[in-house]
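As structure tokens, here come the structures.
In the two complexes that follow, chain A is the common piece, with chain B as its partner first and chain C second.
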Partner chain A sequence: MPPNSRFDDPDKLVDTDRGFVSREIFVDPDLYKEELEKVFTRAWLFIGHESLIPKPGDFYTTRMGEESVILCRDKQGIVHAFLNSCRHRGMKVCRYESGNTSLFTCPYHSWTYTTDGKLQGVPHFRTLYEGLDREANSLVSVAKLAIYKGTIWATWDKDAPDFITYLGDAKIHLDQALDCRDGRSGGSEVVGVHKWIFPANWKFAAENFLGDTYHNPSHRSVDLIGIGPSAAAGKKGRRDDELEKAQHVWISFPEGHGVHSAIQPEENEYIESFLDNPVLEQYFRHCFEERKRRLGEQARLLPFVGTIFPNTSYHGRQPRGLCAWHPHSPTSTEGWRFFLVDADAPQEAKDYLRRYYMRYSGPAGMTEQDDMENWLYATAASMGTVARRYPFNYQQSLGAWTKDHALGGTVSLQITEEIARGYYARWKSYLRGAAWDELLGVGGNLPQRAAE
Partner chain B sequence: MAAVLETNAPSPTGSAELPRNDAYYRLRADIEEFLYAEAELLDERRFRDWLNLLTDDISYFMPIRRNVKFGQHGERENTRTGIGISWFDEDKWTLTKRVDQILTGVHFAEEPLSRVCHMVSNVQIKKVLPSLGDPREIETRCCFMIYQNRVEYETYMFVGKRTDVLRMTDDGWKIARREIILDQNVLLAKNLSVFF
Partner chain C sequence: MINVLTLRPGDRLLLEDGTIAEVLENMEDGMWIQVRYLEVPRNPAEVGAIELCHAQDIAKLLNVT
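Then we have the complex of A and B:
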């Protein structure tokens, strides 16, 4: 912690052994600045999807932390990401959300940059800028970029491990969100992106997707009325029945990631879920059988939700997609939700899915509206001078986990805040400026265990 | 002003302007009355009555709007109904679900209920079928300003334009299509829990 911070020791903020997390980390401006500097400039962040920039010259304006970043496929087809800020006076060189271009022309004094971020044109170059080093004045590129099953990730830290190492054992869970419903690897496309601002700390959203299964009661209204794929046939609840017989698992990974997945029983039979539409029923049954045939035993593992540290969440079944929780201020977040379908799914399935996504998710979604209400008022009510003296309770299922499970990580078989504890333990390492070994949990120990 | 002389000159929306005559203004007054009454139902939280103003085949659509280059607005600015993700691309069933949800009393994003005021202005009739003298189906455009206040300090303002198709039925006018153009890119509200 810098000397000017009121918080000299992250251990006082996060006590995962006893299960307390200070409210300060959800509201305090100093800690928020620390996060921007120490978490968002180091961790791998989700920045987009290949289907948004399929052709050379295609760009998509994205974000990393608070900052605007251009994601661009250059003329050779190579994908780049660079800061959306001119090297001259900082003007945003691209204010379109997406498009195709051969040059980014700065509106201010007309410096131009090519699709690989290189400075090309400088007005009056010969007379005014003799000896200007063009290379050194390229748009600021991310240190590393990775494309994984269509999704694009980047980090500002040149010392960061490669993306697959960073994912660790969370990989097979994220895979389930990115792979085709019939078990083929990859093959997703983005069908649309929600962007909205909500007045809550970004970690409320990240933590929600870590596997906060306990917040189910807040969705009672949708459960009562039924909005799932069999709702018109009279079924209550908000989604399908796919995981009805599954063993749910909540896993904390040493890199700070957390997932809530499910393991189908050995017989692993298809569960009818689309009573409202026989075509979909047949399609999803086909995908299920095909996936089982392709993956065998592995097919028993199904994803539900998860968060890849720090701010990328996924929903692996329905409403399938990836969210980036972009910090905007200590108490406001810009949510971006990228909805995914199999690129080669039949039109009728795509149409059903997009409609389901819209009624379920985001600010217009019947389910998630209630999440946003909670995050807002939880943030607001934590800002008081007195309120801040009382940490949040994170004692749920304390100690009820095993490290002896085939899926790796710290596995809980009951609803738990162990994932959140692991997440904030890792958050603490980032705030301390820890080396990558510790950030990855090399040695197999989460820091709170190492301290024992 | 050649456009005034040519009676069939296209309007900015591409359709022929209706003549501004007595029949037009009478119909417009009628339609304004209908839109105000509709707004009042929503403001008074008579959601079931509001649903009754929608035809069974209603399409209720609010696109997501994007920042695009000059010249690409027609083609790329707004998401489209029937494709991909929008803020709303709804039918009567989902709208009914939304009402049902509020009426559970445990839809926390609307519990306690918001205070909402719908303002409608700039009403114009764009199309009328079969004729101004015998209007059975009309397309109308208006501007809206919707003020939402929640709990204590939360306030949102939604401003934009609406294009509605209204159909005359045995029970009077009903809304058969509603396209809501909200003048925002990134949504500057945590939720869209009000009806437009």
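Then we have the complex of A and C:
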């Protein structure tokens, strides 16, 4: 934090011991710039999915923080991510959302890059550029890139730990969102992406999916209507009932991640969840039994929601997908929802799920609209001079947790804001410019785990 | 002005620095073609090199295949 900053002491902004977080971190432009510099240039960020770029030459323009990034597969099939900005005068070298190409040509002066990021073509190169080092003028590449079960993540920090280390014990929960419904590892594909901009701070969305079960009254109207896949059969609610007998767990991980998962009872039986469509009901019943057979006792762990620090959230069951909350300004966020299905699911299942996901989530999704209304008005109502004097209260379930649990992390068995407290404590570490061992919540030497 | 979209592999070009090059591939974006250098008066060591060549670098179309 700069010495002349109004917020020179992050402890005054985030007091997780007493359970207070200043509203300033949700609205202040200076703090927002600090976040871009100290969080979004260091943390691992979700940037896309392999199924969006299956062939050599495929590209998908994505974002890291505020910055446009090209995710592409070169002609050898290797996946890269580059800053979408020409090294000559900074113009975007790719102005399409997605496509296939062999070259990225800057529209300004035509400097041209191959799909591995190398500067290949420079007009008048032979007459105007004696000795131009093209290698040194390649597109700016991310420092590290990881492909994990189809999802693609990147960081600008060359000193960042490998992605699996970064995930820590949150990995098995994210796995539940990325693995096939029948228990096979990975195997998902993106069935659609929603992108939209809303006037709220990005952390409201990230926090929402950390396991803020307390906000459920917001969705009361949706629950009463019934928008789930058994709604026509008379079941109310938003999704299915498969977690109704489960032990819910809310876990804060030292890396700043947080999840809300569930452990099914020992007599882990299938609960009908797709009564409106017999094909889906049969498909998911089959997947359930296969998953139980494959995973045994581990099949009792089911995901609900989670956020991988700082801005990637997931829905593990329905509506299954990943969300990236891209910051636009202190009070504006671009939400990207990547809806996931098993790549080898029946087409009818994919189509049905896509429609259900849209009914639930995204800019027109009934549940997401409930959430956004909260984030929007909370942001707006926190911008005033008087409002900023009063911090948000995060005292729910203070101290009601254990670190002695097989799932690792700090586990709560009741609805809690402990995960949010852990998230903002880690956010504070980033703003202090902490070393990676602190950011991972470990002392001493950094444990490195082999990336997949 | 040469419309590079009309160039085909095998066409020979005179570039503005005196290099003679042969078209290998038209990138079909109206700007770039891939060429092999056949004669490079300024630096004969570059003969055989394969490079992208921009439309503005072409001085003259020598012959069409």
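We take it that the second predicted complex is superposed on the first by the 442 of 452 C-alpha atoms of A that agree within 3 Å, B and C clash if a C-alpha of one lies under 4 Å from a C-alpha of the other, contacts with A are read in each partner's own complex, and residues count from 1 in each chain.
We take it that a contact is a pair of C-beta atoms (placed from the backbone, for glycine too) under 8 Å apart; a residue touches a chain by one contact, two chains touch by 3 or more.
Since we're looking at a predicted model, the values are computed, not measured.
S.K.: Touching A:W153 in the superposition: chain B (first), chain C (second), both, neither?
M.R.: In the superposition, A:W153 touches no partner, neither chain B nor chain C.
S.K.: So, does A:Y357 touch the first partner chain B, the second partner chain C, both, or neither?
M.R.: Touch status of A:Y357: first partner only.
S.K.: Considering only the touch criterion stated at the top, classify A:L376 as touching first (chain B), second (chain C), both, or neither.
M.R.: In the superposition, A:L376 touches chain B alone.
S.K.: Would you sort A:Q120 into first (chain B), second (chain C), both or neither based on which partner it touches?
M.R.: second
S.K.: If you tally the residues of chain A touched by each partner, is the higher count for chain B or for chain C?
M.R.: With both complexes superposed on chain A, more residues of chain A are touched by B.
S.K.: State whether A:S110 touches chain B only (first), chain C only (second), both chains, or neither.
M.R.: A:S110 contacts chain C only, not chain B.
S.K.: Is A:H194 touching the first partner chain B, the second partner chain C, both, or neither of them?
M.R.: The first partner, chain B, only.
S.K.: Quick check on the superposed pair: does A:S102 touch chain B, chain C, both, or neither? Answer first, second, both or neither.
M.R.: So A:S102 only meets chain C here.
S.K.: Touch test for A:F339: chain B only (first), chain C only (second), both, or neither?
M.R.: The first partner, chain B, only.
S.K.: Shared contact residues on chain A for chain B and chain C?
M.R.: none
S.K.: Which residues of chain A touch chain B in the complex?
M.R.: Per the touch definition, chain A meets chain B at residues 95-99, 191-200, 218, 220-222, 224-227, 231-232, 334, 339, 351, 354-355, 357-359, 363-364, 366, 369-370, 372-374, 376-377.
S.K.: Name, in rising order, each residue of chain C that touches chain A in their complex.
M.R.: For this pair, the touching residues of chain C are 15-17, 19, 27, 29, 31-32, 42, 51-54, 56-57.
S.K.: Touching residues of chain A toward chain C in the complex: what are they?
M.R.: Within the complex, chain A touches chain C at residues 102-103, 105, 110, 112, 120-127.
S.K.: If we count contacts the way the header does, which residues on chain B are in touch with chain A in the complex?
M.R.: Touch list, chain B to chain A: 62, 64, 66-69, 72, 79, 82, 84-90, 93-94, 97-98, 100-101, 104, 106-110, 151, 154, 185-193.
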